[in-house]
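Each of the next two complexes has chain A plus one more chain, namely chain B in the first and chain C in the second.
Then we have the complex of A and B:
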């Protein structure tokens, strides 16, 4: 096995007594897209900055393609920050020329295609671009580098829905060609569509890291209605496969983490009047994760 | 191949299950015929705007079930073997199971469910004979 293109191990960043990133460990292998979700202040951007060497971690390690980050890493790594960094007095064409000189895999023909895709004019100066156009220009630069590793912080901020879809398509194409993509987003639907795995952060900690389809297979709500009050659940209440239970009168709702079929069977032995399993989408799973009491 | 699949990423049903079911259904309906080539993982991922690893997982599972044959360098093809036929029967079976589970969960007795099923069968199969 080759090393995953992106590997974080116990990444920690403290600012005085405040821990912005707390022991974060996850991988993004070749050909994979990982969506990073979390409320504002969860530590997503700090994680990115540590990964890129802009901020020195307090503890833990980062490996890109199996090696620590050095200036040479950036030959095959593209980063698009939430606020695109462009030179205000240069045109988009000037930026492309800079990139062509700086990156040996830079694909000029690809850059032209992408400019057209995002309806950008090469002769426009960066300072005349709207927020969305700046983001688009930064994405054109990043994807034209043909990078093996892409780190995108809110890559669709300010973009219209059609351009947002283009961004997802570009990530999918890059992954299909073997790149590893890590992107943060507040739009859970984008992660659900384009990513195969998800990492959810809350207050600096990684609280979920999983293949999205596996999360959806495991996390369900089992809803049972009884003729009278909900009976005593016995040791089922402490089953580690259960995330949470809620009871109101004759209604029992159980949020499962895993093996929901087996748990439904167990509940069935308590003779409910009716029982059903409700699928949860990623947004609901995300809300369960970040709003729960569990750390 | 024209787009004949529609997946809903916002559903709680895993994407790979949605797509696996749809490909089996397309084979059952004859929209995809034995020997027909499926799009590459990359092409289908881009067509549907879904993750390539998810599509790769679908192809792996279909291959495992004998529904498609994949040969490196040539691509994936709808299998002509009996496994393909059996696998598509799975689609009907799981729909059937879902219906029975729902009836049971609504508190219907075995007899009531059976009665309901027989009436439904009578209705749909008679329509066909008329």
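Then we have the complex of A and C:
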């Protein structure tokens, strides 16, 4: 495993008696992408704000490339907020000029490529851009910096599906070039497609942090279809190896963590018409994590 | 970003200069016969009339304060785009200092432009501007009033959200009312009069009077203190 470019250790942020972020610990190694998932109000954006120094953490540490965040950190760190901040009176070209003056590694040729990719015109004033175009402009600025660390808060917000795909491709390309990418999204499919690892937050706490493949291999869904309504499961429902059960008409879905075959055997004794074991997708993992009381 | 602030100050200076030039040209065109119309009567300005430079500095100070109102919320405004400015490889304190320096240069520029324009207008009306030994202090005080107004606005707004920008408009009547109340007697009047030391407009009447040098020291002291406090407060605010 390579050294983490982003490392959070016990990060906590309290506003009075309310704890917005509660002891969050995870890291993102170089050359990898971490998707941060969580329902609204889970603390994702506050975590980002702490990482960027916009708010002062109540406890815990943040290290970028092994060091605390200082102004020099931002030479190699790019951030795209959920609502892209741009100077309304300036054109996209003015913003590019601004970034060229501010960052040593700013790549003007790359910026031109990205403008074309997102169908943006450099002479457009920021105040005339739609929400999606503002997001696209912020992405152009961020990726033109050739950063080693990318923090993206809902980076595909307002973008059409084609440009959403471009964002994922850019993240994957950046990671392939050695960058660490941390991004939040409400679209689990995007995280599943782009990310190597996932961190799931709920009510300020980190409830899942793992490599996605490990998560998928650990949990399975056993799906059984009965001729009539799903029969009484009896003791099976209380089996500690079962994480969650769902019943819809004649369909029974059982999410298990271990010994899937043994559970499937027990369901088989209920005489289903058919039964199969399928891999859990990230959406199921996310739903399991945020709907239960799993810590 | 200081580059953005440079553009903002340049744009506001152009607007300020344009409006001032139009007003002055308008007055000169309408009053090209060197007359002033007051309450239906007409007073002719006699060629060779002399005007103390302190009066010129007072008008310049007022116009510099008006200009300062247009740029005095720059740190507050920059907080709205902090996702850009706070993620630059430069410390926020340094950024704030650069902002304040650019803005103060703008205020000085607006004051100087106002003086030049009024001087040219008066020359056109054959009114001589008379300088004396107090003139440098008067000019320093006049410019300082604009700088103090700027600093006060920056200090009052730097720690708050976008609504705080309304302060640039509200501060004018507040300052004028406070100055008026300071003339009242009694404890309230005396208290307000004492607080007027923090009111830039209270120094306007001192410009053309004796003691401009002492007042100039005060306004620049407060201008720098206000700006310094804003520079300390702004980087510490949380998003």
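Operating definition for what follows: the second predicted complex is superposed on the first by the 239 of 295 C-alpha atoms of A that agree within 3 Å, B and C clash if a C-alpha of one lies under 4 Å from a C-alpha of the other, contacts with A are read in each partner's own complex, and residues count from 1 in each chain.
In this section, contacts are C-beta pairs under 8 Å (C-beta built on N, C-alpha and C of every residue); 3 or more make two chains touch, one makes a residue touch a chain.
Please read these numbers as outputs of a predicted model, since none were measured by experiment.
With chain A as the common reference, chain B sits beside chain C without any clash. Judged by the touch definition given at the top, the superposed model places A:175 against chain B, while chain C stays out of reach. Looking at the shared chain after the overlay, A:77 reaches chain C, while chain B stays out of its contact range. Residue contacts after overlaying the shared chain place A:270 against neither chain B nor chain C.
In the overlay built on the shared chain, the residue A:236 is in contact with neither chain B nor chain C. A simple residue count on chain A separates chain B from chain C, and the partner touching more is B. In the superposition on chain A, A:122 makes contact with neither chain B nor chain C. Of the two partner chains placed by superposition, A:93 touches none, neither chain B nor chain C.
Shared-chain residue A:69: touches no atom of chain B or chain C. Contacts of A:194 after superposition on the shared chain: chain B is touched, whereas chain C is not. Between chain B and chain C, the smallest C-alpha to C-alpha distance in the superposed model amounts to 27 Å. Within the complex, the chain A residues that touch chain C are 49, 52-56, 71-75, 77-79, 81, 84-87, 89-90, 94, 97-98, 101-103. Considering their complex, residues 1, 3-4, 7-8, 11, 80-84, 86-92, 238-239 of chain C touch chain A.
Those residues of chain A lying in contact with chain B across their complex are 31-33, 165, 168-169, 172-173, 175-177, 189, 192-196, 212-214, 216-217, 220, 273-276, 278-284. Residue ranges of chain B in contact with chain A, taken from their complex: 9-17, 41-42, 45-46, 49-54, 57, 102, 105-107.
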